[in-house]
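I am attaching a structure below and will ask some questions about it afterwards.
Every chain is named by a letter (A, B, C, D, E and F) in the order it is written, and numbering of its residues begins at 1.
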Amino acid sequence: MDDELQKFIEYREKMNRKILDSGNLDIKRFFGLDSAVYRKGILDEKTKELLGLVASTVLRCNGCIVYHLIQCIKKKVTDEELHEALAIALIVGGSITIPHLRYAFEMLEEIRAKEEGNGSS
Amino acid sequence: MDDELQKFIEYREKMNRKILDSGNLDIKRFFGLDSAVYRKGILDEKTKELLGLVASTVLRCNGCIVYHLIQCIKKKVTDEELHEALAIALIVGGSITIPHLRYAFEMLEEIRAKEEGNGSS
Amino acid sequence: MDDELQKFIEYREKMNRKILDSGNLDIKRFFGLDSAVYRKGILDEKTKELLGLVASTVLRCNGCIVYHLIQCIKKKVTDEELHEALAIALIVGGSITIPHLRYAFEMLEEIRAKEEGNGSS
Amino acid sequence: MDDELQKFIEYREKMNRKILDSGNLDIKRFFGLDSAVYRKGILDEKTKELLGLVASTVLRCNGCIVYHLIQCIKKKVTDEELHEALAIALIVGGSITIPHLRYAFEMLEEIRAKEEGNGSS
Amino acid sequence: MDDELQKFIEYREKMNRKILDSGNLDIKRFFGLDSAVYRKGILDEKTKELLGLVASTVLRCNGCIVYHLIQCIKKKVTDEELHEALAIALIVGGSITIPHLRYAFEMLEEIRAKEEGNGSS
Amino acid sequence: MDDELQKFIEYREKMNRKILDSGNLDIKRFFGLDSAVYRKGILDEKTKELLGLVASTVLRCNGCIVYHLIQCIKKKVTDEELHEALAIALIVGGSITIPHLRYAFEMLEEIRAKEEGNGSS
């Protein structure tokens, strides 16, 4: 399995490790905080990941979009729910987000395909 | 009642009417779509308003933040839920969003005060 | 005449002079370039000012919007043309630009009123 | 013809179809509006496409830049006109837009080459 | 002393306290990190504050600009140094940053005036 | 040597030449200004390049990041200094900048490797 999704996951993991190994404490603390904020609180993890997905889409960051899509799907968010969240991002962010919508739909398809390949659904 | 919140609400209403009365059909259709996208679908209205709030905060738009805060509170979102959503916006959007966090907390207090004044809580 | 429009014009002029008087040559050259780029070329001044207005609106800069509105009106751009340009900005930039659309419509009204007061139409 | 331009066109078409087929009505309505806003009105199509190009460049969206370049060239916009519009985008948006200027010039060359290959000029 | 600068300082302090008192731990940790990152490291505090100022200017956040200006001046950054840093922000961020340049020059003047009034120079 | 870094350098040079050869004077003047602003003034070149790097990172422009990294390294900026500057960009710009942090760390490694290959360290 050597598709774009898999390459992204491996690249992300490898580079995050290098960043954390660089010894800069402020960066390390930020990464810790970035994980903590999506953990279950008063809001459940599913809602939090949808918030992360919409924030990533209006800010037009493909790397962030695919990460939150993966997390959303782990939390059992359905395609219809993802489409509604992306529709909000589109209206808020405008046509300039459309290329990122295309990317989100492409990655969503890849994530679902991989999920099925793993027999996880 | 002549506070900043009230002035914002009246200004917003007055100007939206002028924009819609200008006769530009594309603008009118966009405004319709902007209302439609927050209506109950697979995702409930509360979640949708939280998505709108986080999108508005990372994009750093005070006018949009106060609007979605008002809507969130109409949908019975609690302060703790709002704080968690704003925490995600802060981590995603960085310290550059802090002035908008201050504005959100200020307006939240005003909206709650007005709500109590109306005996609606 | 002590309205918001007039105050903006005076503040802009006063601060621009202070910036240019600060003695930083790179800033000075940039300001010169910023004037030059809107001068008549292959594209006429009216088209260039509309380009400046749309760029300012999608980038959500009120100070830039009012400046280009004033210039557009000097170049005899009509309200209908301005509305069509703003509609494009709205679709490209999304609902996050709506507060700036409200501001544009408000300022447009003030500029037209002032123009009539001056007997210039 | 298997260049980057052709791949972009095919990818764009394929993914837009998937997005529209997803069944989300708000997204569908937005796509309709996004086509409508560039149609001839008081402003002609050429001016509208230039507005779209400048908005795309200051917002730094390569996918949007190449799309509007293609449309501009269909409407007989000349290279000199495109350069003047891009100069405005550069001054408004700053050096951060330069990588997108490089992309615009690269794609412009490819579009012109393809146009000649088709004997359309 | 009831000028805009003083009002900003007091508002900022009051609202930051309310935000920290809200009980959201992730927000609190982010605020701690936001202070830590500007402390002397391999880079001195003066350089770090200039980095904060330029980041704030290209991201066009007045509240952040005035904060970093105050800090820069505490670290004995001269006006000429500030102008050079702002010139970089202007070239990188484009004419859209000019209203924020005006604000920076205005606040700089107020901070210097206050400094003299305090006999601190 | 046919890595991503080398390809970027060659592409950048080739396209910049084409842009400058296009004959648009305003673009040409902007490019001149973009070089001038990083030259030694009251602030030294090292500080100016760090300012350019942080501005590029918070604005999330990979092409600009790699360019300023190359310049920083020419001016003998150390890895620890770069990490501290990037930490500020991360806190100011939020988690949305993390993909660009990954890119910066990747390119930094390539630039250092190339530097050693050239016996320049």
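Note that in this section contacts are C-beta pairs under 8 Å (C-beta built on N, C-alpha and C of every residue); 3 or more make two chains touch, one makes a residue touch a chain.
This is a predicted model, so every value here is computed, not measured.
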Each chain counted as touching chain A and chain C at once: B, D, E, F
Farthest chain (mean CA position) relative to chain E: D
Most widely separated chain from chain A, with each centre as the mean of CA atoms: C
Cα superposition of chain B on its sequence copy chain D - rotation in ° rounded to nearest 5: 180
Centre-to-centre distance between chain E and chain C (centres being mean Cα positions), rounded to whole Å: 27
Per-residue overlap in chain E, given as positions that touch at least 2 other chains: 26, 30, 33-34, 37, 55-56, 58-59, 64, 80, 84, 87, 90-93, 95-96
Pairwise touch network: line, ring, star, complete, or other: complete
Touching residues (chain side chain D, partner chain B) in the complex: 26, 29-30, 33, 36-37
Chain A to chain C touching residues, read off their complex: 58, 90-97
Residues of chain A that touch chain F when the two form their complex: 11-12, 15-16, 18-19, 22-24, 26-27, 30, 34, 55-56, 59, 61-64
Touching residues (chain side chain D, partner chain C) in the complex: 33-34, 37-38, 41-43, 47-48, 50-52, 54-56, 58-59, 64, 78, 80-81, 84-85, 87-89, 91-93
Interface residues, chain B side, partner chain E - complex: 60, 79-80, 83-84, 86-87, 90-91, 95-96, 98-99, 101-102, 105-106, 109
